[in-house]
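Should a chain be cited, it is by its letter among A, B, C and D, assigned in written order, with residues numbered from 1 in that chain.
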Amino acid sequence: MTQRSYRLVGICPDQVGIVARIASFIAAKGGSIIGASQYEDTETRLFYMRYVVDADSLNMDADAFRAAFDPVARELQMEWRLTESAKPKRVVLMVSRLDHCLADLLHLWRSGDLFFEPACVISNHDDLRELVEWHGVTYHHVPVPREDAGKQAAFEQTSALIRAAEPDTIVLARYMQILPPWLCSEYAGRIINIHHSFLPSFIGARPYHQAFHRGVKLTGATCHYVTEELDAGPIIEQDVIRIRHHDTVEELVRLGKDVEKTVLARGLRYHLEDRVLVQGNKTVVFS
Amino acid sequence: MTQRSYRLVGICPDQVGIVARIASFIAAKGGSIIGASQYEDTETRLFYMRYVVDADSLNMDADAFRAAFDPVARELQMEWRLTESAKPKRVVLMVSRLDHCLADLLHLWRSGDLFFEPACVISNHDDLRELVEWHGVTYHHVPVPREDAGKQAAFEQTSALIRAAEPDTIVLARYMQILPPWLCSEYAGRIINIHHSFLPSFIGARPYHQAFHRGVKLTGATCHYVTEELDAGPIIEQDVIRIRHHDTVEELVRLGKDVEKTVLARGLRYHLEDRVLVQGNKTVVFS
Amino acid sequence: MTQRSYRLVGICPDQVGIVARIASFIAAKGGSIIGASQYEDTETRLFYMRYVVDADSLNMDADAFRAAFDPVARELQMEWRLTESAKPKRVVLMVSRLDHCLADLLHLWRSGDLFFEPACVISNHDDLRELVEWHGVTYHHVPVPREDAGKQAAFEQTSALIRAAEPDTIVLARYMQILPPWLCSEYAGRIINIHHSFLPSFIGARPYHQAFHRGVKLTGATCHYVTEELDAGPIIEQDVIRIRHHDTVEELVRLGKDVEKTVLARGLRYHLEDRVLVQGNKTVVFS
Amino acid sequence: MTQRSYRLVGICPDQVGIVARIASFIAAKGGSIIGASQYEDTETRLFYMRYVVDADSLNMDADAFRAAFDPVARELQMEWRLTESAKPKRVVLMVSRLDHCLADLLHLWRSGDLFFEPACVISNHDDLRELVEWHGVTYHHVPVPREDAGKQAAFEQTSALIRAAEPDTIVLARYMQILPPWLCSEYAGRIINIHHSFLPSFIGARPYHQAFHRGVKLTGATCHYVTEELDAGPIIEQDVIRIRHHDTVEELVRLGKDVEKTVLARGLRYHLEDRVLVQGNKTVVFS
């Protein structure tokens, strides 16, 4: 964490010599590579990469590095970005009433274990105001009515609040409302949800009830990017816990909280550290 | 394993005093209880139990014990059975071409780590004859044609072979055919299948392909009782393994073999030790 | 949680008829058994049990039940206790500077997911006062000097604070001081510690450094009862997480926090629900 | 598996430009990089790498590639090797009486799931001859007496058999003898052992008994390189399974077999695929 670094993340058509081209460019600037991951997808013939360069080894700042890299990227037809490890991403957190995921993220932020800047919290209930404000974070209460007109207005207000917060990332930390398609597509690839089942099992409402009635022996949680189709976006991280025949739905809910918060924190960390590249409806996650 | 025991397994309507009634009956016969598990389902108000009694502590054999217990069971309206730990269950193993599950079960049997008697192996291919016969187990090759008439004849022959083998249990150890409903219902609660996904995800054919295309981060295997509805029977055991973005379908298949054989061996063990009681479309599994 | 119940927990020499004796006693009082676990240790010939009885099904209160059971227990030479699910155990929490375990326990308490009454928090630092007091819990700052006299005085003050708090249980939620033997023995079987390694590996100080230098591929956490011998008491719960060659000590520390807080919460839950019976230097944990 | 590739594996002092140097060299030969992993150890300032190059994309064979790379390696002061994915490594398997690991490895080999060439099996007992010879593999029975002179003679005979087999790798698949130091050092970095505990817990004999008496809640297995110090060599892979208070030592032994064979197969696979680089007494394992 103490080492200031740049992360050069990109996707381009595969061809001989890409690594040489990238690495030679970095070396020519005096850059010391402190981490490099790449993946060649044999189906699509696409090349995915993440290079981490010691910022202090370079004789230029991030913007100059970007300007210098641009011609290389064009040549390789690469979609890319360069981010700085020292710059926290701005995150809007959305939540309903259950606070286990939110409380965990706020704790990880406060203790310095997860590096981001909480822009604000938006909730359709007012229950968690005290917790959030104690952390010094702004809390917006935007109730979401059931009828269409009210719902549309609520999401327009939500959208305005999000826009004002200028977030890099939006996290649905058990926000129990379905975002409208226009909002999903506005922030495509930047909205992260935690779903309380092992997707694609138990899509939609009340997954613990579904799991209970199917009699599965493990239950899980899934962290994924939100797309317009419900619970169908690219999966970032998943995990499961073992359950027993004597566990009631209430106990599944309680046991599930542990795995939900862990999986969301891990998935968000990968995203914040620019380790996740979307590959169609899947993800490449560099370790 | 050295201790000879009786397993008294039953289900009855819940009421005050059942445990006292059962335990007093056993104590009156001088029986030493070396294991007792019970479960009260609050929804159905049913009581599930498994008592293990030291056979040598009783002053009677299994049949005498059964006869003595019968009135108690009637009084409690209990469906029950008494099995003997020293008597191996007869198992018919069914397999197609992939041998990882079959080889593992035969090895566990041969090394004494899984206690059963392999009645015979039935396969729609002849590939695994050598492996099976080396273990001294009878091998039946029953090809299953694609057209209906041939298929029906094949399953009638299969059914005759099973009947002749007088099995307690039938294990589909990656038998890649769908059994006809009449065969499923004839051996209801006694056919165990290993499905190569974490059910209810990826029901049906080619689950590893489905998992690959959905981009899940864990894949799994499910051991369940076979019912007339495909891959929908009561689940006995499940487990998962972590996969990575660079794993191809072929690697998922290979990685999955480990978890398939482990989950099938565990599920079958629970069944052979009379730890599994079916509860609607779920199972109670006593540890 | 809604069902009020009594937990009858005991250990006695094994003999034929114990279950019958206990279950008949409960049935005679009209008690409905909603959970029963037992274990016969074949080495020591001891019988361990935990019975959960629906309180509303009994025609007597807890004290009357205790009085009625006493002669049965004497007859069976049983060490036993009867606790009430509706009565929260009083817990003293001790902590140093790292707050991940404490914050998690306070959150679980506040959200109703872990049922206990935080009597107070005692810390050798003042850092976590704000967090604790925000939860409405009393915070005692008792610095622990390095020299013997000061240390002895500090632990006498600690002991006085504990005594005044009248706790059922003391939790060392990353309290980085070694308690003196006299304090350990005063609360034998009631002090729970979380050790940040997979015991018995990496006993003592800086276990993550030890794990890093040994090059293990998994690291873990252990929740155990504190005895006079360091990190050697009966283990209640353990778990591990996978680590990679590129994880630094700092990352092990961070990754370990997740498993520490999970393992402590699970172990404490088992203890609070009277599921843990000490068996020499081991534990029986009823699920 | 179908793609023929070269694996270029090396360790050298870290400096700016290594990746550029390697990748440019490969690109200059027309080589298509289909996998690249690297790791910079910040303590030792060493650089570890594994490049996988599509063999068919190169205009030269392996020896020509080696000759061409040699000057680059000298320049970088790199210790390196180039292996061919199409050339199976020759493996000598050593075993005592328990056959679960051996049977699993032979099965994986026979089914094509693990790519190696079993040179021979050496055992201090004659029990597993039939199993091994059925697989068409040579079996050597070399009894190991208890007294020193006999033991020395036995290991000289063992050493001669190993030398004659010209192995790349020696696997101790539950070979219950301690190899003499001179044999360990002769094949340093090439002897792989499976130890039946989660090292460094329970070093030496009867680890399941040790685990049972300590009362751990998880038990494990460790795959590591053999060094002269018992059970202290670099760890390649580990895993654990959950155990319960009612599990006897015999059950730990049985449960442990599953994790032993899985961990050995995984560790050996990493080694066979040249994913493991020794780093002092630790390993870098590229995924």
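The rule is simple: a residue touches a chain if its C-beta (ideal position, glycine included) is under 8 Å from a C-beta of that chain, and two chains touch if they have at least 3 such contacts.
Keep in mind that this is a model prediction, so the values were computed, not measured.
Student: More contacting C-beta pairs: A-B or A-C?
Tutor: Ranking A-C and A-B by C-beta contacts puts A-B first.
Student: Just grab the chain with the largest centre-to-centre distance to chain B, centres being mean Cα coordinates.
Tutor: A
Student: Please compute the C-alpha centroid of chain A, do the same for chain C, then give the distance between them in whole Å.
Tutor: 36
Student: Quick one: report the Å distance separating chain A from chain B, using the average Cα coordinate of each chain.
Tutor: Their C-alpha centroids are separated by 41 Å.
Student: Send over the residues of chain B in touch with two or more other chains.
Tutor: Chain B, residues with two or more chain partners: 35, 244, 246, 287.
Student: Help me check something: in the complex, which residues belonging to chain B touch chain A?
Tutor: Checking each residue of chain B against chain A gives 39, 42, 198-202, 213-218, 220, 234-240, 244-246, 248, 279, 281-285.
Student: Touching chain C in the complex: which residues of chain A?
Tutor: These residues of chain A touch chain C: 1, 35, 99-100, 103-104, 107, 111, 113, 134, 244, 246, 250, 254, 257-258, 262, 265, 287.
Student: Where on chain C is chain B touching in the complex?
Tutor: Interface residues on the chain C side: 16-21, 23-24, 26-27, 30-36, 38, 40, 57, 287.
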